[in-house]
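Per-chain numbering from 1; labels A, B, C, D and E assigned in written order.
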Amino acid sequence: MLLELLRRDLRLHWGSLVVPILILGMGLGAVVMADEGTRLTGLILETSFLIPMLPVIIHQRESAKGTLGDLLVLPVSRAAVVRLRYAEVLFFTGGLLLLAHAAVWVELSVAARHPIPMSVMSRDQFLGVGVLLIFWFAYPMPLFLGWGMKGLVVGYGSLITLVVTLAMTETDLHRFIDASMARPVAMALVLAGLFTLSYLLSLKFFSRRDF
Amino acid sequence: MANLLELRNLSKSHGAFNLRDVDLAVPAGTITGLIGANGAGKSTLLKLVLGLLPLDGGEIRLFGEDARLGGARLRQRIGFVQESPTLFPLLRVDELGEVVAPFYPRWDRATYRRICDAFELPRKTAFARLSQGSRMKAALALALSHEAELLLLDEPTSGLDPLMRRDLLDLLLEVIQDEGRAVLFSTHITSDLERVADHVAILKAGRLVLAGAKDDLLESWALVRGGEELLEGPLKDRCRGGERTELGLTLLCEGAGSLASLLPDGALQERPSLEDLVYFHDRGKESLCAR
Amino acid sequence: MRPLIRMAWATSRRLLLLMSPLLAFYLALMVVHQVTKRGTDIPAIAFTCMFMLIIVSTFQGLTFDVEGFMASLPVTRAQLVRTKYLLSFLGLLAGLALTLAVAGLAHALAPGRAAAPTPEELRSAVALALVDAFGLFAFLPFVHAFEPSRGILAFSLAAILALAASLAGWGLDGAADLFRFFQRVLAQPAPALGLIGGLLAFGLLSLSLSTWAYARRSF
Amino acid sequence: MKILLSNSSPQPIYEQILRQVRTQILAGDLKEGEALPSIRKLAQTLQISVITTKRAYDELEREGLIDTVGGKGTFVASPNAEFLREKRVRAVEEHLSKAIAEAHGSAIPPKELRRMFELLLEADHE
Amino acid sequence: MSSPLLRIDGLAKRFPEFELKSVSFGLPAGLLMGLIGPNGAGKTTLLKAILGLVKPDAGMITFQGRDLAREGAALRARIAYVSDEPKFMPGVRLRTLKEVHASFFPAWDEARWKSLMADFGLDPQNKSDTLSLGQRTRFALTLALSRDAELLVLDEPTTGLDPAFRRELLARLAATLDDRRAILFSTHITSDLEVRADLVTLLRDGEVVFSHSQDALRDSWGVVKGGLDLLETDGSNGFQGLRTNAHGFEGLTDDVESARRRYEGRALVERASLEDILVLLGRRRPEGKPHAA
């Protein structure tokens, strides 16, 4: 069932995915030209603000155009739709990581004129992506699926104000980040736990909503 | 009785919907019903009168003047309701009245409030959050509150329940209590017209197929039901359309008064409803009544 | 015309309310930024204020299918076009006024840290307003000739072509310098008047073009 | 004035109005000189077309039952009962002679015409 | 009658502006049921509850004996729905919309879809945002009628459709009925139902006023038309609904036989059309008035 729903989203919403993917392409170009060291991290950080928003863009377009009813009238359960959104974010993020590696590998091989071993992301970078996924997708999603546009405004609004206040007050997060990076396995488990919790909350809020 | 509106061989090609040589007069003090299939050009006709669409051919005389010259000024004397009205989605129902009022010298705030209450419209709700029926009622309240002499309503009854339609017909009848005013409204629900319309105009594929006083129209046509023998007799050249079903033949014939003598025995003659007239006219004409 | 102005005000009032927290938040950020960092980027403020206010004044007519209803009111198409131009222009002036207010406020809050806006900065703000006006006069005919969404598409295509042409014509730095060009011209009074006169003429041309096109529109 | 319109009866609306107003005038329920609602007011109350009410009123006026004074409205005419009854009798005779002429036209012998008349009379009574 | 294909028991749903109070009725297979009632009576909410779009506060809906709350997804494979204002993703060709829709229904009948599109005058290459309300409804109908759905739930499918097409549509819908299928058809245009509806359910003020066969309805409900003097002498307690004007009154009764006996010769007593019932019953139940179950 998930496959048909994914195919449906791609066929109906490819239009609204073009713009984000264009931005993704520009991000790739800029990073590839960037200097050696920060290439991969730069790319992931720069575009992964966008990737978690893709499922939100699709779902919001579906409800804005009033076609959410058509989706829910199909022989699919509310749970299937929530699974779709969470699968999509993993699908898009996975796609991004592969694309990033490929871009960097191609650039290096071209520069070195012979194929070189693929440089795989370091553990910290993976965890970095995980943290972003939690903050930028898993936190606002239940609010969005439960209360629609209002929930989204609250979700992203609270995140932005958090980021702005941190930036304005320049609080020092490094100590906290180093501590968590020291215990990667525990952190990975925490991130996975938060992701599942967000899925369960979305399921609960979305199932009881009227359309 | 002067005609408030006269269309003289009106023609317009507007994408898929076009009109060809339409002549129509709306006399003061009457209600005229406009019926026709989807895409027959009803909305196009109303929009032409209002100057929303530029005219290709023919002439429109509004209150005796050429509509093209005094467009804006003449629109002060017209009340218009669009097919599915959008108005200002963000504004509340009472704000809509405030915003439209300055455009009409004879706007009457009390009438607007009275009609909104009669239609049970929530005055504090935004227009976009109203149901389709209530949006139509709000648009009607706006069109009826500046003593418009001519009302042009494009399917005002769609989305309204029978009770609300009866109230709308009451309002229209109240409008023409003043003999100087008239109503032209298009609808798919012919039972409404059957009750109150004085004149009826039937549009098919952009042409005015039938027009005239409703009673005369209904009395001059007849539905004849019978077997295949209907097609042998002299009835054939009176027939303007019909249908063959497993139960037998139904033919729409002209000149109901003098049909009795032409009927083969066992055939039934009935008065058509407006819906029958629209449904059967030109239907299966080639196969059934080819002369 | 007066009823049209009142209608435009009533319809965009709620939109302004919706956008005012965003605008206020942004301006506060600007003032704080200026007081703490001493950098005066008046043009940046000006650009956003004007852009936002122009959007609001034309916004109401573009997004919702309101033009059909407006055309059915007892007003001529010319009046509708004039109202839209007037509102956009008011948006522009309001943006300029807001900019100067922000600069003034910053100076008042911390006279030591944020210097009073120098004539040079004022000139750049006005120059930016003129660039916005130029863009506006080029944009509005598209939105009147075509249905809003198609109009915006057509305008952006035309804008990209114009940019490409100017890039090819004056090279990389020359093209994007309409703003600096205006700044230079505004320096002396005579050319400044000439520029403003030229812009006004362009505005009138744009207005008559829009009026001509809007009369032919079908709703 | 009592008017009850049935939408299931074959008779057209204007005829129902005509018949009901006529019986009320002849029966004296509507007194001489009594004002009747205007054709527009009646159309509004009964929710029907103005042309329908106008047609009924024109017919009533032709039968001398009501008369319309320009500007002031429509009133029950001042008939003497005798003159009215005689007018009604003449109208019935007219219809009968037309039926007889029609019978000649379609070669229906008088005996069969009389039988048809009896049959119609009985049918009307039920 | 066999156990109903669709059964609704004590369905309740409270909204800020109105409420569905314990609605119950059954729809046996092989029949077309008309759902009528004034605006705001809760018809759309009821239909959405059947499709799982609205979650009821109480009550149960069973289809083919299975509980819709639990097996909604599986049962929706056999239920087709057309909403009162069908909306489609703009800028997409109708053919693509069909393909996306069809991929969820193994029993999709492509040939039938093509013939329906031709009959309804729709071109699969058209883009969805160029369609009028009438065309959008027709396209939604082609999707609903082209798969082996056993229950058709149609919410005011005929608004915006002209009289000729409505007549053809009703005939076509009736033709699809067999002993495995049923149709639930909500509309304001009661004349469409007078010809075709086997059963009629009237919903008013969130409650079922009656759910009968149309023949039983036509035999029991009647309209008494009499003079205002009659109203004084006999009073109006026997009537379910009443409307008066300067020239007489129209009283709605759910027992036309006894009304005929009671008013013999003093008033006109006729069968009530569905529109008469709706108009005379009015919008809200007058307080304290018992319902005809």
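Please note the rule applied: a contact is a pair of C-beta atoms (placed from the backbone, for glycine too) under 8 Å apart; a residue touches a chain by one contact, two chains touch by 3 or more.
What you see is a predicted model; the values in this text were computed from it and never measured.
Of all chains in the assembly, those touching chain D and also chain E are B. Steps from chain B to chain E, minimised over paths through touching chains, total 1.
Of all chains, the one whose CA centroid is most distant from that of chain B is A.
Farthest from chain D, judged by the mean position of CA atoms in each chain, is A. Chain centres here are Cα means. That of chain C falls 75 Å from that of chain D. For the pair chain B and chain C, the distance between C-alpha centroids works out to 46 Å. Here the CA centre of chain A is 55 Å from the CA centre of chain B.
Our note on geometry: chain B versus chain D, Cα centroid distance of 32 Å, whole angstroms.
Looking at chain C, one finds that none of its residues touch two or more other chains. For chain E, the set of residues touching two or more other chains reads 85.
By the document's touch criterion, interfaces exist between A-E, B-C, B-D, B-E, D-E.
The residues of chain B lying in touch with chain E in their complex are 35-40, 83-84, 131-134, 155, 158-166, 188-191, 275, 278-279, 283.
Remark: chain D residues 10, 12, 14, 40-41, 43-44, 47-52, 55 touch chain B in the complex. On the side of chain B, the complex with chain C involves touching residues 14, 47, 50-54, 71-76, 80, 82, 85-91, 95, 98-100, 102-104. Remark: chain E residues 37-40, 84-85, 132-135, 156, 159-167, 188-191, 275, 278-279, 282-283 touch chain B in the complex.
Across the interface of their complex, chain A is touched by residues 48, 51-55, 72-77, 81, 83, 85, 87-92, 96, 99-101, 103-105 of chain E.
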